[in-house]
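As written, the chain order gives the labels A, B and C, with residue 1 at the start of each chain.
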Amino acid sequence: MSDAPLRAINLECIRGDRLLFSGLSLHLSPGQLLQAEGANGAGKTSLLRVLAGLSRPAEGEVHWRGQDIQSNRAAYFSEMVYMGHAPGLKVELSPLENLKVSSALRAGTADEARIEDTLARVGLRGFEDVPARGLSAGQKQRTALCRLLLNPVLLWILDEPFTALDVHGIALVRELLEAHLANGGMALMTSHHALEVRGDCRSLNLS
Amino acid sequence: MTGLASAFFAILRRDLMLAFRHRGELANPLLFFLIIVTLYPLGVSPDPELLRRIAPGVIWIAALLAALFSLENLFRSDFDDGSLEQMLLSPQPLPVLVIAKVLAHWLVSGLPMLLLAPLLALLLDMPAKAAWALETTLAIGTPLLSLIGAIGVALTVGLKRGGILLTLLILPLYIPVLIFATNAVTAASAGMPVEGQLYFLAALLVLALTLAPAAVAAALRISMS
Amino acid sequence: MWTFFHKLASPKHFYRISGLLIPWLGAITALLLLSGLYFGLFKAPPDYQQGESYRIMFVHVPAAWMSMFIYTFMAVLYAIYLIWNIKLADVMASSSAAMGASFTFLALVTGSLWGKPMWGTWWVWDARLTSELILLFLYLGYIALVSAIEDKRTAARAGGLLILVGVVNIPIIHYSVEWWNTLHQGPTVTKLDKPSIHASMLLPLLLMALAFQCYYFTLVLVRARTELLDRERRSAWVKELFG
């Protein structure tokens, strides 16, 4: 437990005038999945944004390998991928062009062939050069999923990864998650879907 | 290529590509620049003597406003589609990525203003020496406007109606640029030396280059939280 | 020393100590203001050039000083807030902005009133007045930004950054306006730069400046207390205080 790379200590989060949660602590070790549950507005997204280092908690700290993430961003961000509500794609650009930029923003090692392989793996073969404007919401989500695979990292933070996905897409995400956990990866996610993922899964109820 | 350089050029390339896929919108700030300048002879007087006297101020005020309005979209679409989040979560230093974005923006909005300026100088009957000084001040001044303006844009990017607010935040900070640039042009048309003003503008540019990217990065993190 | 500051910076202690300080500060303000006005309006001799009209200086100059002091003070407070995350600093700074803007406005109005008898016009693009006007814009920009952002903490951090950017720019703006002014050969009446000011005029000026300073601190403490209660209304000490 003490060697858990991700630890949150006594988090408190306030949105506008409302106290979302306080005194929240958690830790996550390799091979574990933590699923945040709660009603709409319970603060699931806020919690993930705090854990991803996008926003600051009103109180408390998030530590990665023993260091506060707000003061060691580069170290944390190089081992973490975050998928938010917006897929982070430019609709004028093709999945291939979009992912080239994503990859360059991270380690910058993925070449074109690797991106094409990854796109094929999420079921987008033949859509490599279609401007993202022409993709469905589910296909955009699948494109965003490629970020998890292009530059393998230890921690995935997924906010509603099943949004807009069909049955096959949901199965795909589950498969990816199981493989990630089996490889010693870590994942944090929120989802409305009750999901059976094989592995070390825990849930956190925010309400 | 190191990771930092490849991230920098990826952002620069992407933004230029996006700009050219919206070719139609590229001309808008330029038209804005041109129309504002056209309003002065109509609103004040077509007297060439008077126009020549107010020309530096007219052109520079139009440049300030054109820069400001084109900057409004610097982070807007990135904010809406989630690209900004991904940029903030990059392990690469954010100020460097900010420079890439500002540079791309300047190349498609500031640089064309430099090309249009001689035409405006002609319309307002500026002497050749003054037109030359105008070009030089715009070359140093427009990147300065982009850098300072980006701070305001970053602070207001999360707000629904940021437009007027942006003007209120940024225009007071543009005043030194306006003063020194217009003065250099006026001095040049009177045949006086302008090195002092140009050096001052260049010093401001160096200062903005060192401080503004970090301020923009901090402002973006605040706006996204 | 350090623990003292930390103790003071805790909302509960600040609330208690400021409650004790306010009546005293208020009394000192009244005393300084009355004596300043008495010496300024009755004791100081008329100016040999400007007659009686120069007496508006006793309001104009302290107001202008305060307008600059408050902006700088806000920058210091925000630096403290952003570096050490001491929330009290933000409460003080955001309570100061409206007063800073008011002092700036007062300096502009009194400057304009003073200008009428001196220059025969209500407004002259004099370097000081122009700088003061730009300072007013900076204050108003800050107030507009902070009120446009709904989340208080985000507003505080955004406002703080804007003030810090402003404080880097103010010397540059000030210098460029001065330079612009000397260049355009405007009215070169250096109304404040008297080579020597007579002691009978200096005394009321200093008294008034001190009075304004105390007035600011009194009011900012009152405003900060209210703001603090609003922000901390969920905390134990507020509930304890008000049942």
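Heads up, the rule we're going with is that contacts are C-beta pairs under 8 Å (C-beta built on N, C-alpha and C of every residue); 3 or more make two chains touch, one makes a residue touch a chain.
All of these numbers come straight from a predicted model, not from anything done at the bench.
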Third chains touching both subunit C and subunit A = B
Note = Comparing each chain's Cα average against the average over all protein Cα atoms, the nearest is chain B
Query = Would you say B-C or A-B is joined by more C-beta pairs in contact?
reply = A-B
Query = Which chain's mean C-alpha position is the greatest distance from subunit C's?
reply = A
Remark   = Chain centres from averaged Cα atoms put subunit A and subunit C apart, in whole Å, by 47
Query = With chain centres defined as C-alpha means, what is the inter-centre distance between subunit A and subunit B in Å?
reply = 36
Message = Between subunit B and subunit C, what distance separates the C-alpha centroids? Give it in angstrom.
response = 33
Task = Going through subunit A residue by residue, note those that touch at least 2 other chains and give them in order.
result = 56
Message = Two or more other chains touching the same residue: where does that happen in subunit B?
response = 225
Ask   = Any idea which subunit B residues touch subunit C in the complex?
value = 151, 155-156, 158-159, 161-162, 165, 168-169, 171-173, 175-176, 179-180, 183, 204, 211, 215, 218-219, 222-223, 225
Inquiry  = Show me the residue ranges of subunit C that touch subunit B in the complex, using the header's touch definition.
reply    = 134, 137-138, 140-141, 144-145, 148-149, 154, 157-158, 161-162, 164-166, 168-169, 172-173, 175-177, 179-180, 183
Request  = Spell out the part of subunit A that touches subunit C in their complex, as residue ranges.
outcome  = 14-16, 19, 56, 58
Ask   = In the complex of these two chains, what residues of subunit C are touching subunit A?
value = 150-151, 153, 234
Request  = Over in the complex, which subunit B residues touch subunit A? Could you list them?
outcome  = 1, 3, 6-7, 9-11, 14, 17-18, 21-22, 77, 80-83, 85-93, 97, 224-225
